[in-house]
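Notes follow once the structure below has been shown.
Chain nomenclature is as follows: A, B, C, D and E, assigned in order of appearance, with residue numbering initiated at 1 for each chain independently.
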C-alpha cells in the first residue's frame, strides 16, 4: 500500500494501459503486435496496481477462480478456432474470403484494413484473454504467497 | 471411420489438449465428472492409436499437413520446400505411442485413489492430460521446432507434477532439478535447431534429411542433439538428476516419466537415423552410443544394489535398463552403412533394443506402482522400515513378483525374450557387450531379491499390523500393465512381427520417411 | 499362430518352457511325497534350536535391508567409494557433466571427420 | 579439481561454438538462404489475408507451434497455482 | 549497415551461452542459477532472431512499408514462441525456489540439498 498520490495516479493510468493493450491485441494482423504482446502490456498494468495497492487489496477484485475460468475459456476459444477448419485440415484458415475478417488486402504495400486476416484476429483475441488471465494469476499468486497466505483450492 | 483415421494423428494430440482445457471448468462443478472425463478421453485416444497403428501396418506412413487445403498437400503447389508443420507417423512413432497410451491410461486409473487424500486434484489431472498430449506430440511431429515445443510441454508439466506433494521438501528439490535440467537441455536443442536452420532454411525433418551435408556445423548440432536428448533420457554420466526426480514424484507420475524418457530416446533415434541417417559417420556415433550404454548399464545397477529407498532403487534400475536399449540400437547404428552386417545381426540387435523398450515400458511402471503402493501403505519409502508386508498386501506382492521376474530376465517372462535377442545379436558385434549384459542381469535379480525380502518377507511387523490392501483402482492400474506383460510373455513372436520389426525397419529405411513428404505431390 | 521367437541362431518358445516347468514340478512333488513320515507340526521337533539360548521373537528375527549383502559391499569398498564420489546431489555438478559430455562428443565427431 | 575440469570443458565448448558461428564455417550475417521465407513473404497476403507476415506465420503457417506455446503458458500457470496451493494436512517434511 | 563483418550478432549469442554456462556451473545460489538460465535463453533467442536478418531489410509487415527487401518472418515467429516458453519456465522455477526456501531456509544449492547418492 503506497502513498495516496501513487494510488491515484495508478487509478488513472490503468485505463490508458488497458486501452493501449487492447489496441495492440486488436491490430495484431496489420501492425506489429498481437495477443501475447498486448496481453503482456495489460498485465504490466496489473503489476502496477499490485505495487500501488497491496496484494490483499487487489485480491478482493481479482479472484483466482475468475482468472482460471477466463484462462480456460481463452484456451478453449483458441483450440475451437483451430478445430473449425478440421473439415479441410486442422488450423485451416477458412474465414478468408468471408465477410467477417475475410477481406483480402491489395498485394504489396497498402494502408492496412482491420477486417482482414481470417481467424487470425479472433485467435489474437483468444490468446490475449488467456495471457492476461494467466500471467496476472501467476503474479497475484506469487505476491500473495510471499505475503504469507496461500492460494485457495 | 475412414475420415476418422485420416484425421487421427491430430485428434490424438488435440483431444487430450481439449480435455486439459476443459478439466478446470468441469472440476469446479463435480469431481466425478472430471475423473470420468480423464478416463474416457484416454480410452478414446488409446482406441484411436490402435486404429492408426492398424492403418499404418496396411497403408504405410501417415502424413498430416496442418492448415493446408488438403491434409496430404505437404508441399504447396508450384513450390519445392515444405512450408507448413507436418505430422508424420511411421512405424516407430506409432509403436511408441501405443506404449504411451497404455501406460498413461494405467497411470490415470492408478492416480484416482493414489492421490485421493491430497488437495489440488483438478490441476493435477490438468497437468497429467497436458503431459500425455506433450508425449504424443513429441512422437508424432515431423517438424524440429515443433518437437522442441512438445519437449518443453512434457518437461514443464512433468516438473510441476514431480513437485506435487508440496508438504515435503525433497519433492520440491526433485522438481527443481528436473526443470533446470530440462530447460538447459531444451535450450541446447533449440540452439542446434538454429544451427540447422541457418544453413538450410527449413525446419522439416524429412526435407532437412534430404539436403543435409554433414558440415562442421552439422556435427556440432548432432553433438548438441545427442547429448541433450541423452541427458533427458538419463544416460550415465548424465543420469544424476534421474533418481532425485523419479523417487519423489507420485508413483503414477513416475510411471509416466519413464515413458517420457523413452520418448526422448525416440527423438534421439529419430535424429541419428532419420535426420542424419544418410550422411552420418555411423560407426563413430554408434560406438559413442554403445560406450555410454555400457557405462549406463553397469553404473546404474551397481548403484541400485546400494540403495535403501525403494523408489530410488527402482529409478537406478530404470537407468541400467535404458543401457540395454542404447546398446541394442547403437549396434544397429554402428553397422548402418554395411547392408550385409545389418542383415546378419544389426536388424536383430535393433529389434532387441526396441523390444526391450516395450517390455521395460510394461514392467518398470508396474514396479513403480507397487513402490507407490508400499508408500501408500506404510507412509515411507525407506526399505529399512519395512517388513512382512506380504501378509496384508497380497495383490501387490504378486504383481511385484511378476515385475521382478520380468525385469531380471527370468524365463518365461517377457524380459527374457527381449534380452536373448539383444545378447545373441550383440555378441557377434563384440562379445564384451553380452558379458556385461549378463552380469548386469544377475545383479538386477540379486538387488530385487534383496528388496523383496526386506519389504515383503518376514514376520508381520507390529507397526503394520492394522491397515488393509491398497484401494481397488490402484490394483486395476497395476493389473492393466501386468496383463500387458503376460500377453507379451505368451506371444513374443506375434509382438515382434507386428510391432517391433516395422519399427526397426522404419528407423533403418530413411528414404521412405523422406519420400512421404517430398515425393507426395498430389 | 506361431509362438517361436527366432533370433537367427536359436529360438525361444514360452509354451515349451512352461510345459517343461510343469513336468519338473510334478517330479519334484513326487520326490517330496517320499519324504519323512515322522514329521509332526507344533511339537518340539518343529522348534528352532539355538545352542540352548531362547529364540528371539519373529519381529526381531526379520533381517533389515541394511544387513543384506554386507560382504558384497565390503569387498567392493574401493569401487563404491569411487562411484559414490560423483553422486553429490548438487545441481551445478549435473550441468558440469552435461558440458563435459558435449565437449567430448564434439571433439570425437570432429576428429573422426578429419580422419575420414 | 572440479573448477579445473569445468573451466577446461567450458572453454572447449565455447571455443567450438564461437568457431562454429564465425564466417568460414557459418554463412555471413545478413545474407541468409531464404527459399521458404520468400515463399511466405510473397504468398502470405493472398493466402491468409494478413498484412503482418509474422502474424500470418505465427497463427497460420506455424499455428500449431502457437497452440503449443499457449499450452505451455497454460501449463506453467496451472503448475504455479498447483505448487502455491494451500496443503491442508500439514506433516513434517520427510 | 550493409555488411556486418565477423558475424558479430552470432558471436554475441555464442558468448552469452558460454557466460551463462559459467554462471550455472560455478554459482551455488539458486536465484543466480535461474538468472544464468534466463541469460542462456536470451542468448539462444538472439541467435534465432539474428538468423532472420537480411541486409537492409524492412520489417515483414506490408502496412505502409517502404520499398526494399524484407527480413525473414519465420525466425521472428520462432523467437516469439521461444520467449513465451522461457517466461513460463522461469515462472515455474521461481515458484519451486520459493517453496524450497520455505522448507529448508536456504538458497544454497549445497545446503538446501536433501537427495544424495
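Following the convention adopted for this analysis, a contact is a pair of C-beta atoms (placed from the backbone, for glycine too) under 8 Å apart; a residue touches a chain by one contact, two chains touch by 3 or more.
Bear in mind the structure is a predicted one, so any value in this text is a computation, not a measurement.
In summary, the chains found to touch both chain A and chain E are B, D. Touching chain C and chain D at once are the following chains: B, E. When chain centres are set by their Cα atoms, the one at the greatest distance from chain A is C.
Inter-chain centre distance (chain B to chain D, centres taken as mean C-alpha positions): 23 Å. If you average the CA atoms of chain A and of chain C, the two centres end up 57 Å from each other. Each chain gets one centre point, the mean of its Cα atoms, and the points for chain A and chain D are 21 Å apart.
A separation of 36 Å divides the Cα centre of chain A from that of chain B.
Residue positions of chain A touching 2 or more other chains, listed in rising order: 30-32, 68, 71, 75, 79, 82, 90-91, 93, 105, 108, 110, 112, 138, 142, 145, 153.
Residue positions of chain E with contacts to 2 or more other chains are 17, 21, 24-26, 33, 47, 51, 61-63, 72, 74, 78, 80-81, 84-85, 88-89, 91-92, 95-96, 98-99, 103, 113, 115, 117.
Each of residues 6, 10, 13, 16-17, 20, 26, 32, 34, 36-37, 40, 45, 51-52, 54, 56, 58, 60-69, 71-77, 79-81, 83-87, 93 in chain D touches at least two other chains.
Contact between chains, as defined at the top, is found for A-B, A-D, A-E, B-C, B-D, B-E, C-D, C-E, D-E. In the complex of the two chains, the chain A residues touching chain B come out as 65, 68-69, 71-73, 75-76, 79, 82-83, 85-86, 88-93, 153. Of all the residues in chain B, the ones that touch chain C in their complex are 176-177, 180-181, 184-185, 188, 214, 216, 219-220, 222-224, 226-227, 230-231, 237-238, 240-241, 244, 281, 284-285, 288, 299, 302-303, 305-306, 308, 344-345, 348, 352, 383-384, 386-388, 411-412, 416-417, 420-421, 424-425, 446, 450-451, 453-454, 457-462, 489-494, 496.
Across the complex, chain E is touched by residues 3, 6, 10, 13-14, 17-18, 20-23, 26, 28-32, 34, 36-37, 40-41, 44-45, 51-54, 56-58, 61-62, 65-66, 68-69, 72-73, 75-77, 79-80, 83-84, 93 of chain D. Interface residues of chain B, counted against chain A in their complex, comprise 7, 10, 14, 17-18, 21-22, 24-25, 28, 64-71, 119-120.
Of all the residues in chain D, the ones that touch chain A in their complex are 45-52, 54-56, 58-60, 63-64, 66-67, 70-71, 73-74, 76-77, 80-81, 84-87.
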